[in-house]
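First chain A sits with chain B, and in the next complex the same chain sits with chain C.
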Partner chain A sequence: MIKVEGLYHSYSHDDKYAVRDASFEITRGEVFGFLGPSGAGKSTTQGVLTGLLQLQKGNVSVAGYDVKKPVRKMFNKIGVSFEQSNVYGKLTALENLEFYRKLFDVPTRDAMELLEIVGLDHVANQRAAEFSKGMKHRLTFIRSMINNPEIWFLDEPTTGLDPAIASEIKDIIKREKEKGTTVFLTTHNMFVADELCDRVGFIIDGEIKLIDSPRNLKLQYGEKLVEVDYRKNGGTVREKLSFIDESDRRRLNEIVNTGAIEMMHTKEATLEEIFIKVTGRGLE
Partner chain B sequence: MNKTLFLVDLKANWRVILFVSLVFMIYVLTSVLMYDPDSIEKLEQMFTLFPEGMLKALGFDTLGTDLNGYVAHYLYGFIAIIFPLIYIIVIANKLIAKHVDSGSMAYLLTTPVTRVKVAVTQAVFHVSGLILIFLIDIGVLVLLSSAVFPGSLKLASFLSLNFVTIMTLTVAGGIGFLFSCMCNDSRNSLAFGAGIPVAFFVFKMVSEIDAKLEGFKYLSVFSLIEIDKILADPAYGLGVGFILLGVSVLLYGAGVIIFNKKSLAI
Partner chain C sequence: MKLLYSFLKDMRLSFKSFYIYIEIGFALIFVAIMLFVVPENIRPQVTVYAHIDLPESYLSAAEGALSKEGYDITMLSSREEVESEIASHRSSVGLVVSPEGGKIVYDYILQGYESEKFKNVIKASIEGTFVKMAPGFQDVTSVTTIEGDIEKLSTRLNMLPVFLGLNAAFMGLFIIAAYIFLDKEEGTIKAFAVTPAKVWHYLASKMGVMLVTGLLSGLIATVFIAGGKAHYFHLIMLIISLNAFGSALGLFIASFFDTMTKAMGWLYVSIIILAFAAVSYYMPAFSPLVIRILPSYPMLFAFRETLHEVVDLGYVYANVGGFAAAAVVFFLLSNYRFKKTLTV
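Take a look at the complex of A and B:
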């Protein structure tokens, strides 16, 4: 669905690249997470993919269209939500969606239904200028799904929202994923990425360092630890043991043989820890 | 042209159009109602009390002796430029630069509406609003004068004067629109897109204050509104108007082309 080869982008048209030699491919129905700290080049990449920024160098195809020669029809197939939400303050929530709906030449979703999904139906006829930031964000978010996009670009869809709304947004993305929508999800929230993404790409200073599934990354980079709680002398003791370490493995065997285990679970590294391990940098 | 976008523009900007039309109309009404063929001379005598430069700058130096001349000098030296100019400047900035600035343009451009279509729609809206203001006010003027002084207004020369005036304003509007398309933030867009048209206006005023400053008229498109010459020879006005029309088309066209090519900050 998305194919990027050797993509470079410089805002100053020189060798100061905001994105440098990025290559990746996203298949149909996949949720791809683009992770990196602030200023890494995530939004820039999305900008090029959605045709807002000129393609300076490299090859990019989205939904089968070459971004170098943008075709109107491509935009019938994609939905975009940028970092900054934006709505027309002079129009009501419903009018905002209706306005947007008319700009597409494909069947669109019912505006009222979309408002219901994010709990904005009760303010459908209120002018968007009177909305709170979170409400504007939700309105922008549902607007990006009005044309039933095959590919959905979401830049920081959960950032700055209260946890309840953020989790609501996550659920909506999950539902769309089940319907087969391809998602390009930009975030610096590792938990969101872990929960939603089939694969993630780590980008830092404009370069993609690594692309893999969260599961593989955890298997590869996570130190496989096991936490065991067992009974000893009338109390409960907890020990943390590594699968890799020889003596730890022997100790684990011993505990298992006592038959006194109360609880045992493997502990995996978080994506955040892996990100730091791979890039040497944190996410904030 | 995209009808949906045009209607949203209208919804967002009709107040400005209405406001400018109404203020302009106050002067239209007073110009016709104050016209009294017998008292023109008295009025001119009264004006001799004022400094000549000030009267000239305001276009009141010769009021003309017929309704045409009177109304034309009363309105087209100052009023019919400044109020529509306010509309032109404010809206030029709003139609493109402000949308880019606020981020709403980015969303608009991720729909199947092409950039060219967006820019052309905004340009058409810009000019339509200007024409609407003139249609409303000229309509009132023509109706009122034919009711109060039937047969006094010479339509051909009067319309020619309006044509030239509107076309000077579309040139100013084209400049505003061009900068609105070029700049990624609305502060720069305003600095040039409003600065240059306002400078035109000031140069025209200055050039009329004193013969020594007359040279300034070459720096202003508004100096082409030569009231007496156009009233005397409507065909001349038509010629000037068409040249200005050509310039306007080039300016708006350049805006559209630049907008189509540029990278949009997001």
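Take a look at the complex of A and C:
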């Protein structure tokens, strides 16, 4: 559904690239997570893919359309949610959606229904300017699904939302995924990525470092750890030991033999830890 | 359809913002000033000191004609008296008319004020009397009227074209740019850009709002000030074409910038330059080429034409056509540019 080859983008039209030689492919029905710290080039990539930024170098095709030769019809098939909410403040939530609906040539979803999904139905007739940040964000989010997009671009859909709403948004994305929607999801929240994505791409300083499924990444990079709590000199001590490391294994045996273990559990590496391992950088 | 929906949405937005009310309020204030402060006709306050060495009937004909035109006339009995009077009154004119060998000699002592018009009034009235009194009389000098047979508008009506030019026609230049930068700031332009609607839908719907505003303010002012004297159909055609030109030009200028602050300078300069035409409109004697080539120059006269009893249709529609063509050109250029830069 999305094919990117050798994509470069420079805002200053010189060799200061915000995105450098990015290549990846997303198949139909896949949820692809684009992960990276702030300023990595995630939104820039989404901008080029959705035609908001001009394609300067490389080949990009989205839903079968060559982005180099933009065709307006393409937008019937895609939905875009933005990291900064952008709704008409002077219009009500309902008016915003009703207007947006009419710009598409394909069947659209009922505006009230969408508002209900994210719990905005009780403020449907309130001007969006009076909304809180999270409310505006939710409105921007549901607007992006009004045309039943085949490809759904989500830039930071859960950032800045309270945990309950963030988890609701996650559920909505899951449901759309089950319907077969292809999703390009940008985030720096590893838990969201881990839960939703079939594959993730790590991007840093405009370069994609690695692309794989969260499961493969964990198998490959995540060493299995064991956490043991045991009694020693009247107190409790906790140690983290690797299954792979030779000396760690010997140490574990020693502790087991003392018989003083209170609690012991294995722990998987998180995507975040893997990200740090692969890129040498944290996500925030 | 998308164009219609965008337009309706933009209309709704504009009714929820201040600008349209400011524009209408401004039209009403203009009307109020025109009706209550500006007299229908401002009369020239010029004193004429005259010595007319002709029979009484000529004298009173000249006197009557001059006072009808608003001059204040004082008859004196010799040339010397005329000269000494005007020497001590700066904004006055002197006139000595005397017969000489069967001809009439007009001697004007002018101080630069309305010389041509004044001469015409004098000649016309005195010679008119000659024709009446002696049917066989033939004048050797010819009377040339400077303004030809162009109708004179009242002071109020004469001011209306300038208001129409600045508010109904060219205000859109500024405001349309402001609207676009507002959308950019709010980010809604990006949301629009990821729908199948086209860039020209977006631009044209904004122009539609400018047009409605321009027509409203222009017609409000005209209805109150000119009443039944205006030719509304031609006027509306003119406003449509000029307003489209103004906003298309505004779009074009805006397409070069990414914030209002940066575009402001150019927009402001273009409005000021266009406004210069008003100077020549009020002082026809000062109309250098640089002003006559401004698009606002023919525009003002075209507006004035629609207030005349007899409209010079050729002139009005040359303007309608010319400005409409220019509007199309600027619109196409803007559309071409904005396709690339609208969301950057």
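As a working rule, the second predicted complex is superposed on the first by the 243 of 284 C-alpha atoms of A that agree within 3 Å, B and C clash if a C-alpha of one lies under 4 Å from a C-alpha of the other, contacts with A are read in each partner's own complex, and residues count from 1 in each chain.
Quick note on the criterion: a contact is a pair of C-beta atoms (placed from the backbone, for glycine too) under 8 Å apart; a residue touches a chain by one contact, two chains touch by 3 or more.
On a predicted model such as this, the values are computed, not experimentally measured, just so you know.
Peer 1: Would you mind checking whether chain B and chain C clash or fit side by side on chain A after the superposition?
Peer 2: They clash: once the shared chain is superposed, the two partners overlap in space.
Peer 1: First (chain B), second (chain C), both or neither: which does A:Q84 touch?
Peer 2: So A:Q84 meets both chain B and chain C here.
Peer 1: Quick one: classify A:M1 as touching chain B (first), chain C (second), both or neither.
Peer 2: neither
Peer 1: Now for A:S43: first (chain B), second (chain C), both, or neither, which partner does it touch?
Peer 2: Touch status of A:S43: first partner only.
Peer 1: Based on the superposed arrangement, let me know which partner A:I204 touches: chain B (first), chain C (second), both, or neither?
Peer 2: Neither: A:I204 stays clear of chain B and chain C.
Peer 1: In the superposed arrangement, does A:L217 touch chain B (first), chain C (second), both or neither?
Peer 2: Neither partner.
Peer 1: Between chain B (first) and chain C (second), which, if any, makes contact with A:F75: first, second, both or neither?
Peer 2: A:F75 sits against chain B and chain C alike.
Peer 1: Once the two structures are superposed, pull the chain A residues common to the chain B and chain C interfaces.
Peer 2: 50-54, 72-73, 75-76, 78-80, 82, 84, 86-88, 90-91, 99-100, 102-105, 140, 143
Peer 1: Residues of chain B touching chain A in their complex?
Peer 2: 2, 4-5, 8, 11-12, 102-104, 106-114, 261-264, 266
Peer 1: In the complex formed with chain A, which residues of chain C make contact?
Peer 2: Residues 1-2, 5-6, 9, 12-13, 16-17, 186-188, 190-198, 340, 343-344.
Peer 1: Spell out the part of chain A that touches chain C in their complex, as residue ranges.
Peer 2: Going through chain A, the ones touching chain C are 50-54, 72-76, 78-80, 82, 84-91, 95, 99-100, 102-105, 140, 143.
Peer 1: Along chain A, where are the residues that touch chain B in the complex?
Peer 2: Residues of chain A touching chain B: 11, 43, 47, 50-54, 72-73, 75-76, 78-80, 82-84, 86-88, 90-91, 99-100, 102-105, 140, 143.
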